[in-house]
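Have a look at these structures, which come just after this line.
Next, two complexes with subunit A in common: one pairs it with subunit B, the other with subunit C.
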Partner chain A sequence: MAKLSLTNIWKTYGGAQAVRGVSLEVESGEFVSFLGPSGSGKTTTLSMVAGFISPTGGNIRIDGRDITNVPPHQRNIGMVFQDYSLFPHMNVAQNVAFPLAMRSVDKADSARRVSDVMEIVGLHGMGQRLPIELSGGQQQRVAIARAIVYQPQILLMDEPLGALDRLLRERLQLEIKQIQKRLGITTLYVTHDQGEALTMSDRVCVFNDGEIAQVGSPVSLYERPESRFIAGFVGESNFLSATVEDCVRCGDGWQCLLVLECSAKAKVLASQPFSAGTQLTASIRPEHIRLCSVDCAEDANTVFVTAKVNDVVYRGETSTLRGQLESGAEISARATVTDVARFTGETVRLRWPTDKIVLLNK
Partner chain B sequence: MLDRRRNTSIKTSIFAHCVIAFLVVPTLMVIPISFNDNQYLKFPPTDLSLRWYEEFWSNPDWLRATWTSLLTACTVTVLATVLGTMAALGLSRMVGPGKKLLIGLIISPLIVPTVSLALALYFFFAKLHMVGTWVAVILGQTVLALPFTVLNVHGSLQSFPATLERAASTLGAGPVTTFFRITMPIIRPGIVAGALFAFLVSFDEFIIALFLAGPGMTTLPVQMWNTMQLYISPTIAAVSSMITGITILAFVLMTAFGRRSKAK
Partner chain C sequence: MKQKTAWLIFPCLAYLLVMYVLPTAIMFMAPFEAGIAPGLTSFGQALQEPSYQRVMGTTFEISLVVTIGCILLGYPTAYYLSRMETQRARIYLMLVTFPLWTSLLVRTYAWIALLQDAGIINSFLMQSGLTEQPVKLLYNQVSVAIGMVQILLPYAIITMYAVMVGIRSRLVQTAQILGASPSRAFLHIFVPLSLPGLSAAALLVFIMGLGFFVTPALLGGRRETMIGTLIQQQVVLMGDWNSAAILSALLLVATIVLLGVYSRFAKLSNLVSVRG
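Right, the complex of A and B next:
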């Protein structure tokens, strides 16, 4: 259990900037995910916390102790890799006991701690097996046991579930989260799976192009994205161009009247005033857009548009309608009723509540 | 169709067996000759006898040469294995064109004719006033043995996942501990194979030993050469048989070892 702080971390390779000025404070016991497309700098940043590569600039502290130039084996961190990285010539118990042996823990104490931790990861009694005799999921449990048995200050996980199938992945997501909570261990978790990041994290740190694009709780990232990148990367979003007509003071914030590109008007709350004529992007999640029958009631707090349905994708519990507005903009909407395939090729009315619109800079 | 294929396979098989026989039979011929009672090298043997083996084991010159060879080969093996393993570890971490150049340089003793190498070493050690010293022979043969250890260890490092060393480092193992506890046990088959080749290269080596060894440091191949200069004695056949036997034994052991570690 420890606090981790990254201050203005840079990493350049020749002329290429892999990580550009990353700063982040991770509280003791917090679970923070690094989410981002490949090449966004998330794994590079994790590797710098682990000590595999040293930053070009900036510093890394654990509980105030500067570890920027400390080699990995003196950092007291635990790490779980995507390929498990179990030692093939040692059995499961020897693998898990390895970090204890490195810390000169005596035999009896070590055996007890290994057995405790094997219980935690649900592999009790498997100590004598060799790693190759275990399934992928079991191997990853061993790797987790090995990374937590010595109670490291920070636990790093680099796409630990990347090689597993979906069902197993979902089960292990919950188990890892439970273990992490129970031990209260500060955790950094790298993933490119946004569902995984949203499910497991206290906070998600989204990387793009070597920088942190946004940090926040899963809810704030999903519901209050600060940029088009976040709105499109975390979940799906529709983007419509919007022009500000007028803003008036309203409570703590401002209420702005927008003209969307489909010529519909919408009153949207904003945290800052925009001058008339400002071009913005209105972002709406597909699940907030509903089909409405011809006679659905007009309402000041709802935006109505007409769209031509190009195709309908059936996804089990929901179906996705993909259509085009008169302005030519693509729009997708989620329908929870199952017989929507009949709308293909037809013109329908869509509606969404104005408070679900998120305003983004163009 | 089936018949033709069977014919082809029979012809191929006969041809392949002929090639193998051509490779092996001359070497094995010395074995029956060594048990011959006749004082000339003769095949087939007329009377069976162990006299040439007795001749070998009772002659202090042969015994001293054997001892010198063993001591030299063991020293070369240790040197080449340690240096070769370190070089291979370094090479496996290298990227870029420098790596290929370095591998080329390290294996160049395999390409350069040994006579040229021996001559070059002779002039080099002459400058250092080291010709005729045991150290010169050892270093010369190590140059010759190094490609085998480097290539074998480098080969087994190809399939060694680099993340294992990273994992060990996060778990608290320093670089030296990581090498002895993690890396070495996993690449051991490559190290053992390299060491065995190094031993055999040195044990068989003739030209460098001839050029660089001083009096009293005669190795077994050089002693054989010296003996043959005077007269062709069937003792040579006995020595050859024993060397061949040791070589075969070494490879059998290595194969058995490799199989065991694979089964593990």
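Right, the complex of A and C next:
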């Protein structure tokens, strides 16, 4: 529907910098989520797009039109909040019709559109209820209906499912995604649930300390994190220090021989050559680390380490082993077999394929 | 609602029973005993007598004017305070209640000093050449209303503030992103949600206004005699306890009726305004 561009947005409160130079292009119809720890500037950025607060610097454009100084009611943006923000003195139908009334849509047209969106969000026939007579999930559906009924150019959602229980949250995730696709509405979605961000988004924009740490598709964020922060924040990662021994050309990239801190060696592909002696961090996802039975064969493409298992956490379909390498580094691995609890306190061999290692700058 | 701590309110109840309910009951009985003094002997008589009708009319009129004055001045103030951060609002609220720490009598005399012909306001007006003769500011309805508004305004502000502070700014913001200009958002969202506070404040001020007697007696002329003043005169000047009792009873009945009407109205508004 509409393309949104943020260019070098800053927001400072007194001396404190809440948002520091955020730039982002959101394509028409794209679903982009803002993920990040508490206080990282997600809500502040969203509020600037909504127009509730004005940026200290930078500008915001919708389809090329600069809206940085346009008041909220003239932006034609829809918004959904974590606390629903329904008007308590109006019934559901009046709530949903409110934006249409503000746009002087005539009665008959308004009634038709309200009933259409109520159908879409699955609240048909509840128009006469007051917000307090609805469950949390239903209230959020009303808020969504109210935010899309006037076909805004952009939809903003600030942790819309944050107050709901897990099952309901998962159901509404699917529904929101379906509605968003069907209407093709450009959407910014704030969450601090990484699972939610990964399942719903076309792209995820990870905030850290007022800045965008990395933007990319869920797959690229998970499989090609560019920093230790991303590798640790999106999913779990083990970090081992690595020293480059040497790098050789390999296809259109480089292959580097590393010495990991547990003195294991690994040949890893890199996009750039590193000089010998460079200190890097090797990051490995726990699900790529396997328990090794006695007869597991040596293999050039596999890293082997020994670790002492400190404890085993049972998680249903998998168990997580937490252990320590000889170097003292913590390591956690996923095991799919169920009776791994017996390894607690024992020394085991662990292995992972070298191509699962992601190299990060220190 | 059975609470083990219910006995805590007994001392207060006992006090009210002895000092208020009992005397009121006795007072209701008294007029129907033989009328010793000349004057009123029944409610019907009080309602028919033109001079009493006039006093009651004046009482309602002044209370109404004062109520409107308190709402007009108090609503914007309460709104402003309610949008402030709590820490600062607390200080401002203390300033609002500050006049309540001073005796009502002192404040009323202060108004006389300000408003009289040789008072500060008139000296200013004449010295600056705006008027030649002193403007008649005292002993009329205006002075009574000014004095009473000043006394009752803090009650109005605090009552409205209590409701307004519960209305989250988020709702008004939401209305704006949905397409309402700031003034329409205020009108469609804030005002309806603040109505319970407004009506409670109006009722409180109106009822308190009905019973005023010192301020109208000191700041008003003969035509500003309110029912409270009249009652006081009946007792102190005429020794006519019968008339005083009947008038007091009328005042009480009027208050109870108003409260009754309000409580029906308030229940309706509570339904829609909780969790603003």
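The rule is short, and it goes like this: the second predicted complex is superposed on the first by the 362 of 362 C-alpha atoms of A that agree within 3 Å, B and C clash if a C-alpha of one lies under 4 Å from a C-alpha of the other, contacts with A are read in each partner's own complex, and residues count from 1 in each chain.
The definition used in the following text is that a residue touches a chain if its C-beta (ideal position, glycine included) is under 8 Å from a C-beta of that chain, and two chains touch if they have at least 3 such contacts.
Small disclaimer: the values here were computed from a predicted structure and weren't measured.
Student: With everything superposed onto subunit A, say whether subunit B and subunit C fit together or clash.
Tutor: Aligned through their shared chain, the two binders clash on subunit A.
Student: Once chain A of both complexes is superposed, is A:I77 in touch with subunit B (first), subunit C (second), both, or neither?
Tutor: The answer is both, since A:I77 touches subunit B and subunit C.
Student: So in the superposed three-chain picture, is A:A50 touching just subunit B, just subunit C, both, or none of them (first/second/both/neither)?
Tutor: It touches subunit B and subunit C both.
Student: Thinking of the overlay built on chain A, is A:I132 touched by subunit B (first), by subunit C (second), by both, or by neither?
Tutor: second
Student: In the overlay, answer first, second, both or neither for which of subunit B and subunit C A:K181 touches.
Tutor: In the superposed model, A:K181 contacts neither subunit B nor subunit C.
Student: Would you sort A:S85 into first (subunit B), second (subunit C), both or neither based on which partner it touches?
Tutor: In the superposed model, A:S85 contacts both subunit B and subunit C.
Student: For A:Y150, using the defined touch cut-off, is the partner it touches subunit B, subunit C, both, or neither? Pick first, second, both or neither.
Tutor: A:Y150: touches subunit B and subunit C.
Student: Under the contact rule defined above, give the subunit A residues that sit at the interface with subunit B and also at the interface with subunit C.
Tutor: Overlap of subunit B and subunit C footprints on subunit A: residues 50-52, 71-73, 75-79, 81, 83, 85, 87-89, 98-99, 102-103, 146-147, 150.
Student: Within the complex, which stretch of subunit B touches subunit A?
Tutor: 161, 163-164, 166-174, 177, 181-182, 185-186, 264
Student: What does subunit A use to touch subunit B in their complex?
Tutor: Residues 50-52, 71-79, 81, 83, 85, 87-89, 98-99, 102-103, 146-147, 150, 156.
Student: State the interface residues of subunit C toward subunit A in the complex, per the touch definition above.
Tutor: 170-171, 173-182, 184-185, 188-189, 192-193, 271-276
Student: Inside the complex, what are the residues of subunit A that reach subunit C?
Tutor: 50-52, 71-73, 75-79, 81, 83, 85, 87-89, 98-99, 102-103, 130, 132, 146-147, 150
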